[in-house]
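Common to both upcoming complexes is subunit A, partnered first by subunit B, then by subunit C.
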Partner chain A sequence: MSIDKQGMNTREGFKIIIFTLTVSVLLTLVLLGAFASSFPDAVTAFFVRPLTNRYFFGNLLAAAIPLMIAGLGIAFAFSSSNFNLGGEGQIYAGALAAVLAARTGGTNPLAIQMLALLAASIIGAVLGGISGLLKRNLRVDELLSSFLISGITVYSVDFLIAGPLRDTSSNFMTTAAIPANSAFLKIYPPSNLSTALFLALAAVITGKFIMDRTRIGFELKIAGANREFAQYAGIGASASTILPMVLSGALHGFSGGILIFGTYFKAMRGFSAGIGWSAIAVSLIAKNNPLGLIPAAFFYAYLEAGSKSVMLGANISSEIVLIIQSAVLILITATRVPLARLVSNRNQHKKEGKR
Partner chain B sequence: MSSAFSAILSNAVAGMTPLLLAAMGGLFTELAGSLNIALEGLMMTGAFAGIVAAHLSSSPAIGVLTGLAATALVAWVYGIITIGLKANIFITGLAVNIFAAGLTAVLSQQFFKTKSVLAFSLAEPARPFARLAALPIVGPMLFGHTWFVYLAWILTFAGWVILFKSTYGMRLRATGSNPKALIILGKNPETYVAQSIVISGLYCALAGMSLSFPLSAFVPNISAGRGWVALVAIYLGAKKPAAIAAACFVFALAESYSNFAQGSLKIPSEFILAIPYIVTLLALISGALARRLSDRK
Partner chain C sequence: MPFLSCKFIGDVWKIAGSERAGYHGSKDSKVAGMSYLVMNNIRKTFPSSGTVANDGANLSVEAGEIHAIVGENGAGKTTLMKILAGLLEPDAGTITIAGKPAVFRSPQDTKAFHIGMVHQHFIMVPEFTVAENIVFGQEPRKAGFLFDTKIAEKEAARMIERFGFSLEPDALAADLSVSERQQLEILRQMYRETQLLILDEPTAVLTEQEIQHFFELLKTLKGQGITVLIITHKIREVKEIADRVTVMRDGRTIATLNTGDISEYDLSCLMMGSASCLDFSARRRNPAGARTILDVKNLSITRKHHSMPLLHQVSFSVASGEILGLCGISGNGLKEIEEVLAGFLQPSSGTLLFQGKALPKSRTAPWLPNGIAYVPSDRMKRGVVLQKTWAENYIALDRKRFFPRGIADRKSARETALRRIQDFSIKAQPDSRMDELSGGNIQKSILARELADEVPALCVLCEPTWGLDSLSASAMHEKILSLRDSGAAVLLISSDIDEIMALSDRIAVLRRGTITAQVHNSSDVTREYLGALMLGIHNEH
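Right, the complex of A and B next:
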């Protein structure tokens, strides 16, 4: 049973990742074969263009940025057994808060960025924290409360963007943009890739450090492994419930702010939809290990870039990516035990055969 | 005023139908010991497969059967993956929701060249008691509805009988509360978990079709969070069908009232859309408060 949880060794883990990759590539080929008008073109567009076309490749890397940061937020919550399903609302609200804070009249780009990202993190932290408080004080299931709060938040932000905060000079449902000089520097034109990439990598490494080398991280993991034991060990309910939800919300809000300064510069209606759910998947693939978020986010972004690329000209819906992603999600978690067993059994047979 | 009042009540009775069906489906898995967050995706599958099959075959009956079969298939796969591969049901449930959103969009694009609303020209679902709708007061509230509404009531009652009055239901509930007892009886708890997931799929299929058939259309995200509201209804109803039905009615009443208010009070549509979430959250919190107060006594 110990293999069920964390006891699986790296080699088995590696085999499972290879297996998941193989099956998801095969599934993609099947889907492209079934739905694309021209199979060879679709395969090139899906698998090759995101890596060889400068614009697509840069955007692929850019798309991984919010997934890493929000994924880190999920990792903090999940590793302490708190289910934050409110990421969608936290990201969207964080993005709007960043725009508002950036437009308060500052002139120093760095000061604007810091103020805006702080505002984004705070709104996310508050939204996540409410679920943490409700869980600690009233034992309200945070999985449900965070999802419901997120629903309310998304519609409220929708309203603000379409109504009071709308930039009336634009034909789109959008706020006005942040001051042009405050955006992050583009580092790979013509794509959207910006210096935010370094921020994301720094956040993930800091997250790894906090989780493995600090008291806070240790307490979170103990609470995640066994809540009762954590209580006996003197880890309070606040530390094991509210703190992870606050941290998780703050990181989601932060990633919303990063989206604004790195890619979008203004909050458009629904522009961040889906990132919260993807971040959950990314963190699950990374098994809540912060460093694992880096390859997991790039892999997820690659699938998304491929499906966007294949949509051009192949008359196939980019939602094909959702089907592939759901398969990846199931495979990477489901194949843990039985597949590892299958593989090791086969190896044993081989060894026995040699004898 | 009184006509508005009866219209609000009548819409609430119709509006509670998908919630009630999804919640009853979720109750089967809940009592078998697992939180089924895939209700949303299963509803979407049923709504899509049912209406598309009804359109293609020009037969609502074939549509309903196809919707049931397709959703049961998805639920069955969801079940065997969860149990057979010992995966976390939370993760597989999430995957089902993502899968349903993806598959419906891809198939829409493929066969109807659009990812937005698929509007068909199917006849309205039958209203079996429409003649009685002329009765004063209770008439419009209880009798003017489509057959989905009455089927939901029947299936709620049937669900109660199966879960609480039959040996099968007792064993299914034991799966969640005391699986060792089942093993002693020589029964495999996993069989009951798998069956509960397929049953929840059948209920959700009807829940989804009760949305798409009256509209004669499939709208992306047609379930609009109802699977989650249904989970809250199970919790608030303390896993008792009658109380779950009451919770669903309260949620539907709030939605029906806000739809009415939108017309007369000119509330922004975003807030109307947010109202089910607000009411559900408030109900969740007050339920927890009440529980806490009664614990203290």
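Right, the complex of A and C next:
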């Protein structure tokens, strides 16, 4: 019995992912070939070093952590047909909230962590929840409202970091750091990889369980598939609009907090920019399946690590990764139909050839 | 005065007057010794659910005839027609049209053969006008790329004139009634010069009066040289309109016959594949000592900027052990009553009492206290989630039971689903996706979910046998009667006069948002009498 069965598109979806990965790797090779002074060096730097170099590999894994958690937030929203485009602001605000909460004067590291992550989740949940409320009560499109609220949030947090909350002893636009003993343990020095990895994996597995085995997850998916049926079945509008947006916001905020305790220790201006958008891409690659987030996040982080490495090793602009990431996004969202036709036509020819 | 307001009769005159055919159909396409369309040994399986939809299906159709395809639900009619329309690829078999072999990989490939299909569930852009929907995909262009609204509307007006419809080219598709949408679909096909028109259960959505109107249209099409393939399971209609009929059963074609050569009884036996052709007759009851279960008083729904309310002072009641049949032509308030009872629409005024208490604002599942069994008329949108499996659809309404302590009980979900599928003899597996099922099997699935468990106090059944074949419809009627006999109050909302007359203890007629008549069902109540009431030809009773 597969209550979680995604339908007959699962296999097709898998083919599309393979296709996307192949094309993006080929595209990378073409770009490296066109711009690198030494093609073999560039290829090694892009594809091999992130995996063999201890520092790069650890940072690759560390970069995947917020993508998994925020990606889970996106998956919850998307699978219930709510579009949370406010991830950027929710992560940024969550990170700031985590710093502030961590600096309230506690001494027990565990207590500081829990308080700070809770604060981060709450601020994210509130930001997401506003869009959910606006959607339920005023029929405001959550796609627009979450995006606009995120814009306001990002500028507000920028202002706070540069203004009232700025650590004046630093030359950078940054807040003061969290207490040093409260940071997560580094598990793979010299890289930034910390115990947060286990938190992220646990979050994703819990997310998978919630989505496939629990009543809440079932209701979210039903509401995502057919809102009118959901109402007919007695699934309330709050459950299908506010709850997923709150959950999604909370997970984004949480990932902002994780960034602080795992990697950055203080909120610098614009430090989390782009993670929200990458999380959307990661969730799209994973087709909103929580377990799929793990490889998707690693793949995305791998591309980024590769581009950083190639920038250092082969003197190529790291902007190359933007081109590849855009290509991945376009392919993953747009190849469904053409590829399916391609494959079925090929099968048809094969069959005809046999006859 | 009521005669003047009867739009429908006016439409019939227009259709009848539209026989002046100025159409140049390519009738010369027939090749000597071979039928216009030949489908040979078609086979189609759906591997994901293991369903064999077609196996050994053969069809031959002559140019310019009206050819009916009949069969029970899941007999493979729609699948075979979808293959012909290029929507599905057959696993095996050949198609020949006008002597030329035809291989369809997509609906585009059928264009060259002038094949078009009107689906059971209309496909149109609601935000577009009638004209835009008609020309959509083959729009007239200004300067090569700009959409030319003027020519489009002129073309649309010409098409509407040709078939004697009363559509307005600039009306929004969303505002059209069901029968007008069907007209729009047919116009769209004709605009594309379709020569072989496939209609999937076209009369299922129409009222009795609209069906007669529709038959006139079919004759007009035939007069203009169009070949019509019509999927149906209403035997009376086959005899009335089709020249020939092909019977399908279990995915294969059983026989092709001239409709003049076979009786309705023999045809239904062929369809069901057994001699047990049920002659259904209702056991009427006049309950004594029954309690009023649903009491609706002075229900009104007004609209802003409209002087005519959608519902005006509607009052009726349903008692336990009684079936109240509510009938009317679409657009006269049946839909609104359904919406109010289901909690999708809040009335402007009036009281709704359910077992003496105010009706809950949103519907409660039938097995819960104060629950209502509700079969919606819009089954595809409201009744099921097409992208989910049968089991998921089944457990969606009883989440408390299948998610004890919030966690899914998959084993019991699967077992219960399997049992229901068997009880209601539905052609599906618990893992089948809903959109793999035929329309009739989907309707059965909804009924299985709503009517399976204990007897609910109130059943609101909207078009409950819509799309069901005669065997399943009879079984469903038996089920509704047995619910009534075990004490349920049944509100039957249907545009099928035969069904209303066969099942109801009392009948209420809704016209222009008010109840114009409430009568006890007796032998005095005839189809003609009810039809006249629905049309408002006379108001006394």
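What we mean here is this: the second predicted complex is superposed on the first by the 337 of 355 C-alpha atoms of A that agree within 3 Å, B and C clash if a C-alpha of one lies under 4 Å from a C-alpha of the other, contacts with A are read in each partner's own complex, and residues count from 1 in each chain.
The rule is short, and it goes like this: a contact is a pair of C-beta atoms (placed from the backbone, for glycine too) under 8 Å apart; a residue touches a chain by one contact, two chains touch by 3 or more.
All figures in this text were calculated on a predicted structure; none of them were measured in a lab.
Visitor: On subunit A, which partner's contacts cover more residues, subunit B's or subunit C's?
Guide: B
Visitor: Quick one: classify A:Leu110 as touching subunit B (first), subunit C (second), both or neither.
Guide: neither
Visitor: Taking the superposition as given, does A:Leu185 touch the first partner, subunit B, the second, subunit C, both, or neither?
Guide: Neither subunit B nor subunit C is touched by A:Leu185.
Visitor: Considering only the touch criterion stated at the top, classify A:Phe159 as touching first (subunit B), second (subunit C), both, or neither.
Guide: first
Visitor: Looking at the overlay, what does A:Leu148 touch: subunit B (first), subunit C (second), both, or neither?
Guide: Only subunit B; A:Leu148 stays clear of subunit C.
Visitor: Quick one: which bits of subunit C touch subunit A in the complex? Just the residue numbers, please.
Guide: Per the touch definition, subunit C meets subunit A at residues 48, 89, 105, 342, 344, 362-365, 374, 376, 381-389, 391-392, 395-397, 399, 403, 406-408, 410-411, 413-414, 430-431, 433.
Visitor: Going by the contact rule set out above, which residues of subunit A touch subunit C in the complex?
Guide: Checking each residue of subunit A against subunit C gives 1-3, 5, 7-8, 212-216, 218-219, 221-222, 225-226, 228-229, 231-234, 236, 344-345, 348.
Visitor: How about subunit B: which of its residues touch subunit A in the complex?
Guide: Its residues touching subunit A are 35, 37, 81-82, 84-88, 90-92, 94-96, 98-99, 101-103, 105-106, 108-110, 115, 225, 228, 231-232, 235, 268, 270-271, 273-274, 276-278, 280-281, 284-285, 288-289, 291-292.
Visitor: Of all residues in subunit A, which touch subunit B in the complex?
Guide: These residues of subunit A touch subunit B: 4, 31, 35, 83, 134, 138-141, 143-145, 147-149, 151-152, 155-156, 158-159, 162-163, 277, 280-281, 284, 315-317, 319-323, 325-327, 329-330, 333-338.
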